[in-house]
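Next, two complexes with chain A in common: one pairs it with chain B, the other with chain C.
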Partner chain A sequence: MRLSLMLLITHGKRQRKLGGGKPQRLNILRRVVTGLVRHERIESTYAQCDEAQFYAEKLIDYAKLGNTNAGAMRIADYWITEKDLIPKLFETLAPRFTNYDGRYCRLHRLPVTTQNTRDMAVLEYKGNPYPSLRPTPKNHPNSIANILVEGLRQDYEKKMEIDLKEESAT
Partner chain B sequence: MAAFGRVLLRSRQNLCLRWSSSTVEAARPAAATPDITESMQEQKSRRKSRRFISPEFIIPRGMRADFPTKNHVERMDMLRRRAVIDIPEFYVGSILSVLTSDPYAPGSFQQFVGICIKRGGYGLGATFTLRNVINGQGIEICYELYNPTINQVQVLKLQKSVDPHMVYLRDALPEYSTIDFNLAPVQHNPEDPVPVLDTKVILKPPPWYWRWERVELQGIDMEHMKENHLSQKRLDKMDDHRKPWMEFDLMYEYDTTKVEQDVLKDMRYFENVVRRKEETSEKSTEEEET
Partner chain C sequence: MSRLKALIRPSVRCIVHRRYCSTERVTNALVTEYRNDIFEEEKRRQQGMVRRLEKIEVVHVGPNDPGTFIMNKNLSTPYHCAMHISENYTKYSALALVNGEPWDMWRPLTEDCELSFMRFRDEDPEEANKAYWRSCALILGAVMETAFKDTFYVQLSRAPELTIIKGMFVYDVDLGLKNWTATKDNLRSLSLSATTMKSKDMPFERLEVDPSVALRLFQHNQYKQREVEERVRGGRVTLYRMGKFIDIHDGPMMSKSSLVSMFTVAGIHELPGGLYRVQAVALPHDFYLHNSVWNRLVKRASVPLVGDLSTAGAEESLRETRSLAA
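After this line comes the complex of A and B, so read on.
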């Protein structure tokens, strides 16, 4: 989905053509978004995930309006093809993102190998129950940066003590 | 409830109008309204509190929207012109009278009265087209809002059309486009909501400017058209061009709250800072001369 500066690169084309035609494109993306709402992390082609990300985030924006809103219910009814997931969208996913303001999804590209040349990607909602795909950097106390910062902190505290002593002496 | 200033931007392919501001509907689509039914009082108070922003200030997303400096400078120029001449609030379907200076007769003005059928362009190049039928001949004149040769733009009758444009008037019976040059201006209370022009227009027999049966426009009398003007072949092909998925394609929804805030900020800046500067500089030049 290209809306701003990317339009210059794509020469004004905003959407990818998926499935050969406008109604087919939305049908494919509906299935991707429904799968995402069910599993909260799905693997698909990069093109489908990239396009679906925009619609998945907009769907959350609509879901935040609440399930009493007729417009929001209509949009959710169209986009989620498996109707048992509509309560999940409004009751589980929308409250999760009350403090977020936009970026509700993460898109990871999977490695392309000579055996598997298809450009695959993983699209997930933030706050999903699975372990994260990227390793979280741990704050190791014996890394060189942390040792230097600790030394700096100790020097600073000593300096403050000396200053206080000088002030109390004068 | 979160109140998005949502605006539905129809695709270029749908209406074949290039970057037309006619296609940007200023009304909130029914999809996102809260389920509280608004009373007349609430509508009035909403109109009072919301300052009217003319549609050519709202630039669409994409190439032009990412140059804030250019947009700001252009807005300042637009506001400077608006400080000199009053460009009123009007919509597609309103009846306007325009006075332009005549290059070959300095001092006198040419008047044209017509119904606004479309508004195009953004920024300083924004245009509107007026249509009238004079002596049996249909005439459309496209004016630029910020053209310095325009002396006066007066709204004779403020009304809003149900459609984003009224190009079908070209193929409609001439009575719908004939407007008397001496039409008396109809007073409109600024607090009242704008009246909606919902006459269903009867079309002349084809050939038409466009295949109107394929375009979903509310202003055309569809029953009359289907009974009288369309061959069976055209009627069969009509439904192939319906696009029910467009209502749900969330990409076409343009949340204009941020852009509107920028525009209001620039308006306030212009009123407070720029005009004062220009007034004080004028005064100082007057003092120097005397």
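After this line comes the complex of A and C, so read on.
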């Protein structure tokens, strides 16, 4: 029907409506971000985690400016509701991400079951002390398949060397 | 029991077979039967020597499933211990480590020891890999012995020990042919023969025998007789049997032929001495390589390897240096 299609079209708006109203949305996200700064890994609804990720990463970018920067302190003061975490942000979290390539947060979706149909997710700061949620892929460098392929690779490299020498000779 | 008496004149090659009471030519089938009879006789004799059943304590020191087993001395093998733990150990263990030393899965345990099992996907599967490469060479030998028609008598010469990074294992064979090249269909049928051996799931039985028994067993193969003399260790020689195929080798072999997943005979080429060198490559179970990668590996293995690769002497010196260093 024409009406429902218009409801789906957002016309470029990227924000979700959480909590019903702009200040309520930011309050919810402040709580999520504070929880993230305290625990470094939190579980919440996918919508809240996804929205909070942007603000959590922006917070780190501001915190990298240092706690002497007035703007950074103002941002941190607004976003972190439990004030004992502000030193943690500037002294622990910001230095961790000084030479970071890519995003500071990781978002994992949790399985939706018949008992729990709510779309839940886990949001975590990278470099947290907990064991990883995803299994690390095991490499088998000494397995037969890898040794055989290594042999292929060595042959290829030798061939490349010979080709280069021939080229430089001519 | 059948008895083949080979006449001394090699040109005549007549054999009197007591069971059939007729003169027959030497064929691989008859020779295999003869070898199996001797193997069985020796195996029964050795088992008969175990008069009293003594018990030994075997401690499983693997990462999972701790336990102590009370097993029979000189009768129980690591495979039997694996049967007591679970089916996965029997199906997927390639090699056993007894007090840290590589040990065949079907070799009887002789004293109280610590046992653990090695798989191809372990952190350090070096010994399992070497055992696998050796066993695949053995399978290749079995394939070559059974592949040809009765009119051709195939004598296996030697399986030189190659490193895995070379990308192939090899068996030198005396086919009694000249200027024979294998077609693609030939190679494919040989590979298929190896695959049927894998699906038959045959264990690699081990038997330590006196050199005289081994010489009698390999009566119809001069190359193997020479190898018997080279491979004497502590006055004994080790024989391995897979199904009906018997061969001589020192090193530990993997537990069963079903641990192979892909086996391709890559090429056969003639050596200067008249022998033929069969080259092949195989992949263990639980490893998957894409068709394109496998074809490249087969192509690499089909490049003829020329030269005297007899490493029986070199291996010995390696072992000596290792034992000196240890």
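One rule holds for everything that comes next: the second predicted complex is superposed on the first by the 135 of 170 C-alpha atoms of A that agree within 3 Å, B and C clash if a C-alpha of one lies under 4 Å from a C-alpha of the other, contacts with A are read in each partner's own complex, and residues count from 1 in each chain.
Assume a residue touches a chain if its C-beta (ideal position, glycine included) is under 8 Å from a C-beta of that chain, and two chains touch if they have at least 3 such contacts.
Being a predicted model, the structure only gives us computed values, none of them experimental.
Q: Return the chain, chain B or chain C, that is in touch with more residues of chain A.
A: The partner that reaches more residues of chain A in the superposed model: B.
Q: Please indicate which partner A:154 is in contact with in the superposed arrangement: first for chain B, second for chain C, both, or neither.
A: A:154: touches chain C, not chain B.
Q: Quick one: classify A:13 as touching chain B (first), chain C (second), both or neither.
A: A:13 sits against neither chain B nor chain C.
Q: Can A:142 be said to touch chain B (first), chain C (second), both, or neither?
A: second
Q: According to the stated criteria, A:79 is in contact with first (chain B), second (chain C), both, or neither; which is it?
A: Only chain B is touched by A:79; chain C is not.
Q: Return first, second, both or neither, reflecting whether A:165 touches chain B, chain C, both chains, or no partner chain.
A: neither
Q: So, A:71: does it touch chain B (first), chain C (second), both, or neither?
A: Only chain B; A:71 stays clear of chain C.
Q: Mind sorting out which residues of chain A both chain B and chain C touch, each in its own complex?
A: In the superposed arrangement, which is not itself an observed complex, chain A uses no residue for both chain B and chain C.
Q: Enumerate the contact residues on chain C facing chain A in the complex.
A: 120-121, 123-126, 129, 132, 164-167, 281, 283-284, 287-289, 293, 296-297, 300
Q: Using the touch definition from the top, list the residues of chain A that touch chain B in their complex.
A: Touching chain B: residues 1, 3-5, 7-8, 12, 14-15, 22-23, 26, 54-55, 58-59, 62, 64-66, 68-72, 74-75, 78-79 of chain A.
Q: Under the definition above, what is the set of chain B residues touching chain A in their complex?
A: 1-2, 29-35, 61-63, 65-66, 243, 245, 248-251, 253
Q: Which chain A residues qualify as touching chain C in the complex?
A: 140, 142-145, 147-152, 154-155
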